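One chain, chain A, appears in both complexes that follow, with chain B as partner in the first and chain C in the second.
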Partner chain A sequence: MTDFLPIIAQVDSGALGISYLAIGPELILAFGAALILMVDVFYKPRHTVHAGIVFSTLVLATATAILQYDRVQEGATIHFSGMIVADDFAVFGKFLLLLVAALGLLVAWPMVEQLGRRGAEGVALVLLSAAGFMFMVAGANLMMVFLGLEIGSISLYILAGITRESVISDEAALKYFLLGSFASAIFVYGVALAYAGTGELSLSGIAAQLPATAIVLRPGVVLAAMALIITGLLFKVTAAPFHAWAPDVYQGSPAGIVGYMATAAKVAGFAALARILYVSFGSFADDWGPALAAVAAISVVLGTLMAIMQTDMRRLLAYSGVAHAGFILTGIVGGQLRAVWFYLAVYVVQLIAAFAVVSVIAGPTGSVSPLDDYKGLAKRSPYLAGALTVMLLALSGMPATAGFIGKLGVFTSAWGGGYEWLVVTGLVASVAGFFFYIRIMVLMYMQEPVLAEAPGADVAKPYVSPNVEVVLAIAIAITIFFGIYPTPLLNFLG
Partner chain B sequence: MKFQILDALILTPIAAAVIIALVPNRRSELHLPLGITLSMIPLALAGWLFFAFEKGIAGYQFVHDSPWYEPWGMSWHVGVDGISLALIALTALLVPISLAASTAITDRTKLFVVFMLILEAGLIGVFVALDLILFFLFFEVVLVPMYFIIGVWGGERRIYAAYKFFIYTALGSALMLAGIIALAFFHRDQTGVLSFSYQELLNLELTDTAQLWLFGAFGLAFAIKVPIFPLHTWLPDAHVEAPTAGSVMLAGVLLKLGTYGFIRFNLGLFPDATIELIPVMATLAVIGIIYGAYVAIVQPDLKKLVAYSSVSHLGFIILGTFALTQAAVEGAVIQMVNHGITTGVLFLMVGMLYERRHTKKIADFGGIWQVAPWFSGVFLFTAFASIGLPGLNGFVGEFMVLMGSYATLPVAAIFGAFGVVLAAIYLLWAYERVFTGPITNEENRNVADLNAREVSLLAPLVALMLVIGLYPNIILDRLTPSVEAVLDRIEATTTYEVPDPGPLYEVLGGGHSD
Partner chain C sequence: MEVTAGWYMTLAAVLFLIGAGGMLIRRNALMMFMSIELMLNSVNLTFIAAGKELGSLDGQLAVFFVLVVAAAEVVVGLAIIVSVFQSRSSASADELSELRG
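So, the complex of A and B:
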């Protein structure tokens, strides 16, 4: 494992320390969510009031995260009886989740307005889930990770079905809930076995017990615990073969919120996965490494092949997400977590922006996005088509976009970790991936729009809300800038 | 801060693209003229670069090396030597000419001009990059604008052609990226740090097996780009379906990315593998020469004929590259430039014919010279240049390649020489059917002769055919030391010895072998 920093191993896990700064962003987000719900119940204000609360909540949370970043430069610390860790890793995760929440809410705002009174609940749920996922990335104890996972996931289940009227959306929510709970159960079973095997729940405690366990107890229990924990998290990040729920859920959920749903869970899932693997099970790397590499290869290949066959934009993005999960895992098995963070950071921005375009085409609460809707988009809205093209090129890993630097990073990581075959698999799959990314560009630029029976406004020029324009502009700027000059972000990440 | 001419060459087309993008769509008549005007800036820079380039120096000039991301060993490292110099100038020249030839494009001109300028930046970037990641970046970026140029403004089967072009070439470069990463890690194993710097990677000690694999990874990418038989099937589709400007840029410069890559990277980084694979590459080159020419002869479509003639001509370049003699490699480089000029003109003129008659079928024409004598004259002149008539540029390149190859690959050189004869057959026979004889099709009576715009955009290229044909030293003087350096390195690292060129070589003025 090349330049991996053992994140919390060196910290004394017994220290009891109350630090509100360590959970500052989480507290502020949870408070903001509660405030929105209360204000909504008592005053029934216009949505601009909610927007104001959300904005100040996010600004305050970001400010706290910056303070926290400043603090962790002096070294990682552990708080609340070994439950919460404040370190670089956690702060990166929080920054990223705040970014995702901010962009996701901007994209979702037209949906929030369409939902009327229920809109406030949607906003509160986004903030709550972000707080939960933050606990997950900052968890130093498997119980804490599980709690964070559940807070975040349950909020997402509800968000998937927030447009109650749509049957497809309800179906998506139910599927997400059932399969997601199943995965959580698997995860928690793994936690239980880890406790049975080592007598510890804290991440560094497990690591400390492992060498002893391997001799005294049967390591089978520990291996089973590891496998179950990894499986539970792989489900959340849509890695194959645990991805089957993603296309249905992405397709059925309200268009405005899919971007947030897809990205927030991935940020937290990958962060927790990387932390648990390297901190708790670092000494078992020879056991989980090849297995995870196999999962990465399957995800990349299967995700790409399935994406080629899709006829719905959102299912396509879901399967491309499976492939991307494989690429991120490629980086994780290699051990260079900086490359993984970079990949995640730019990928989530691209994905949210792509879903922003989807939400414009399908309507903020729309439930399906057939590819035919994208025919001739370049003539109807050159801006949308151009933005989506940049995002698709970045997702495909085209050089001069941040997607390429991300891929280069994870491939370098895997090559350095001795997984050359995984790099070659990933590269070949990237080329196959061009098939479907390019197909969308063909639809947008080289085919004529499908004319609806009634010459409605929908086909003419899609209405792009200023929010979406802002999100797309930010995403394009990030994608191109870090594609050409990735140095600042890479330096920031370690 | 020092003025970096190479940075400026990459950035000015991008800046021009941004400026054009800011011109609103309702003033669409401005996009093309503005694009042509702005593309004169990189042309002027390239012209200055060509003459400011110091002769007799083998190394890189105008180098700019600044760190990009040090932990991964990436840097913004650009420089120009004799091998890349002329190709940069060619690129900068062909862009304004292709734009000026694109008056037929009326749909979304803004996007078209923007893509052409991004293409230019990418192409120049490929030729100047001395960092492998930077090289790969430009090598890939070129695909996107070309893909759109073919797919949006192309002919009937444009979508199929664009798809095929993109996937084919992307597949090749994916494995090259694996090779690049592998090289960086070899560097780490031998020195302790990752590096993508071309000049540092030259110091690596690679085993024969590693060299063969890496040669394959790089070579496949370049072989698809060239294209070398049997990887050429994307080329006829892409060339035929692309709009005129696209064909000119494809044939003129894009194909050279492959041949340039072979000389720069395969010969430079993997000398042992190069020596070992000479028979394979030479055989494929000769097959390409003969096969391309034969297929060109039977084409009923003028544009397809020119496309297949490219397969044949590029075979000469590959043959010269792997003959590994001073004259042959120099001939290969100069032939890259020549092919860009002559094939560029042929595609431009086929495009002009198409604009007049809306057909490219040879059978639809006949007797054009009676109504358009100047047009026929320029076409014949270019055909002669392409065939390799002494005094014109094609002769210099093909003769140097054949003569240089004869020293090391006599059989291949003899078979390759048939390619010259076949070129005369397909080009002159096509000329005969299109331009001579009586006018059989009444529609051909109204074919207009060259107009002022067309004359002005063909004139510089036609002039260059004469200049290079009569005074090849304008390129050779700048080229020779760099080629010598490439061959010296192969001699130094392998048991191969570059044969003594002999006295005839001096007559050609090809060498400063002091």
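So, the complex of A and C:
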């Protein structure tokens, strides 16, 4: 809660305050996306050219984000007529989104190459959605948050269906689009009601108006607005009971891009949720706290139970994502946002790495990943099986991995916030969760590979591209290093 | 009887509920999509009514942003629906059942 006090202290909606540094990473990503599309149209280059553009875009954007990080150490500032805020919260979100975009593009690169001429569009969409989600984490105005949400989400709808010849990918895109737009409409109706109730669209302005709501109807309108805004964002982060789309979409989308789709939306969704709850509706914490705690409890329980029953790797990861959304919400209701950031940072890396393995097994543009494909993986590719094992152990919260420190953090946060029952629920669900993570390890290490019709065809070693090797190596390094020695990351997060 | 901003907001709430209900009940992708558009239009009505009542321009400005977003959604959404229709010659949600479990 104290993280945001500097922002509330300087409500300054009148000043224009143009600062290109505050939106630097977004500008560079959007420019990079436009450049890729133009170069692709005019010169039809090989994919290595696109790789060069993407690499320099990401490096430049990261450099700008570092400059921004340096600037916000002196205090949070608000720019563009109160639309954009530059504070450490926004900068962490941008760093994380850049990391997710970089890892996601590395995993997606074989897919980009298979897509041929359409590949450049996929790359541009990844960059654009990252820019949109950055606007969302840096938005100081509900309209800005909505626009960022839509820029990011609409790009993701297209990415879900980018292999449009595949009937399954089509279906995933349509489901994602319909339920995603439904969630966006709910969110923006909440924004409209918040405006009707308080006369403000800026996050800090709403907070300033809340104590003064004297008219009888208005507290009701504001409560409805809050509920709608929270519901819309919970859809995006796949918290139960708003998670129904996630398993279908993850299962049907091209394997190469699912990791990015799953993680980017979660980073931005949780960041925006935390910011809106604590900046705008901080004085209503008694109202949303228990509701969000209930959602967190339902998410961890339902996500864990459903994951146990799955027979498809991607559906399993989707339901485990529902459970993880519950753990992250546990941290948010507790109020220690540093723990939430730590959990998010290590979780998204593990998830992208797990989906990287999925993309190797299913093929870069493949849809569906039955668990049978993972039988005997240790014999076919010990490296892949080992990497997936580390990621699954980290996702399950095994000590000596970063996942354990993350869980410890969010549980401490919730315990400190007075939600002891939620911590107990989370602990029980974590222990139950070991079951389905370990089931995959049993499949990989203790069962024989399923033979295809042509003997020896499918049992051959899966081809692991250098990109995926790099992603797995980075993910393993992050997971184990921060699992044993988390202090540097925790200090960095404030 | 004077029609105040409250009436417009009530109408908007009713429209929103009709849209949300249509989204949940309708089985045709195109009709579901139209329901979402109805929800977005009820948002616009709320913004305008509230802006009029509060005497601030923010509400009317917000409408433009919502309109632009709705237009972008139409472009992408219709493309996806057309693509689905081409591969199945039906856009009914009941037939979209490859993915389940």
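By our rule, the second predicted complex is superposed on the first by the 473 of 494 C-alpha atoms of A that agree within 3 Å, B and C clash if a C-alpha of one lies under 4 Å from a C-alpha of the other, contacts with A are read in each partner's own complex, and residues count from 1 in each chain.
The criterion applied here is as follows: a contact is a pair of C-beta atoms (placed from the backbone, for glycine too) under 8 Å apart; a residue touches a chain by one contact, two chains touch by 3 or more.
Note that the structure is predicted; figures quoted are calculated from it, not measured.
Of the two partner chains placed by the overlay, only chain B lies in contact with A:411; chain C stays clear of it. Taking chain B and chain C in turn and counting the residues of chain A each one touches, the greater count comes from C.
Contacts of A:193 after superposition: chain C is touched, whereas chain B is not reached. Of the two partner chains, chain B is the only one that A:445 touches; chain C does not reach it.
When the two structures are aligned on the shared chain, A:134 is found in touch with neither chain B nor chain C.
Contacts of A:323 after superposition: neither chain B nor chain C is touched.
By the touch criterion defined above, A:247 lies against chain C but remains apart from chain B after alignment on the C-alpha atoms of chain A. When both complexes are overlaid on chain A, the residue A:65 reaches neither chain B nor chain C.
Comparing the two complexes, no residue of chain A contacts chain B in one case and chain C in the other. Across the complex, chain A is touched by residues 25, 67-69, 71-72, 108, 111, 133, 136-141, 143-144, 147-148, 151-152, 158-159, 162-163, 166-167, 170-171, 174-175, 177-178, 181-182, 184-185, 188, 194 of chain B.
Across the complex, chain A meets chain B through its residues 378, 382, 393, 398-400, 404, 408-409, 411-412, 415-416, 420, 423-424, 427-428, 430-431, 434-435, 438, 441-442, 445-446, 485-487, 490. Of all residues in chain A, only 143, 146-147, 150, 154, 157-158, 161, 164-165, 167-168, 170-175, 177-178, 181-182, 184-186, 188-189, 191-193, 195-196, 199-201, 217, 247-248, 251-252, 310-312, 315, 368 touch chain C in the complex they form. Those residues of chain C whose C-beta lies close enough to touch chain A in the complex are 6, 9, 12, 16, 19-20, 23, 29, 32-33, 36, 39-40, 42-43, 46-47, 49-51, 53-54, 56, 58-59, 61-62, 65-66, 69, 72-73, 76-77, 80-81, 83-84, 87-88, 96, 98-101.
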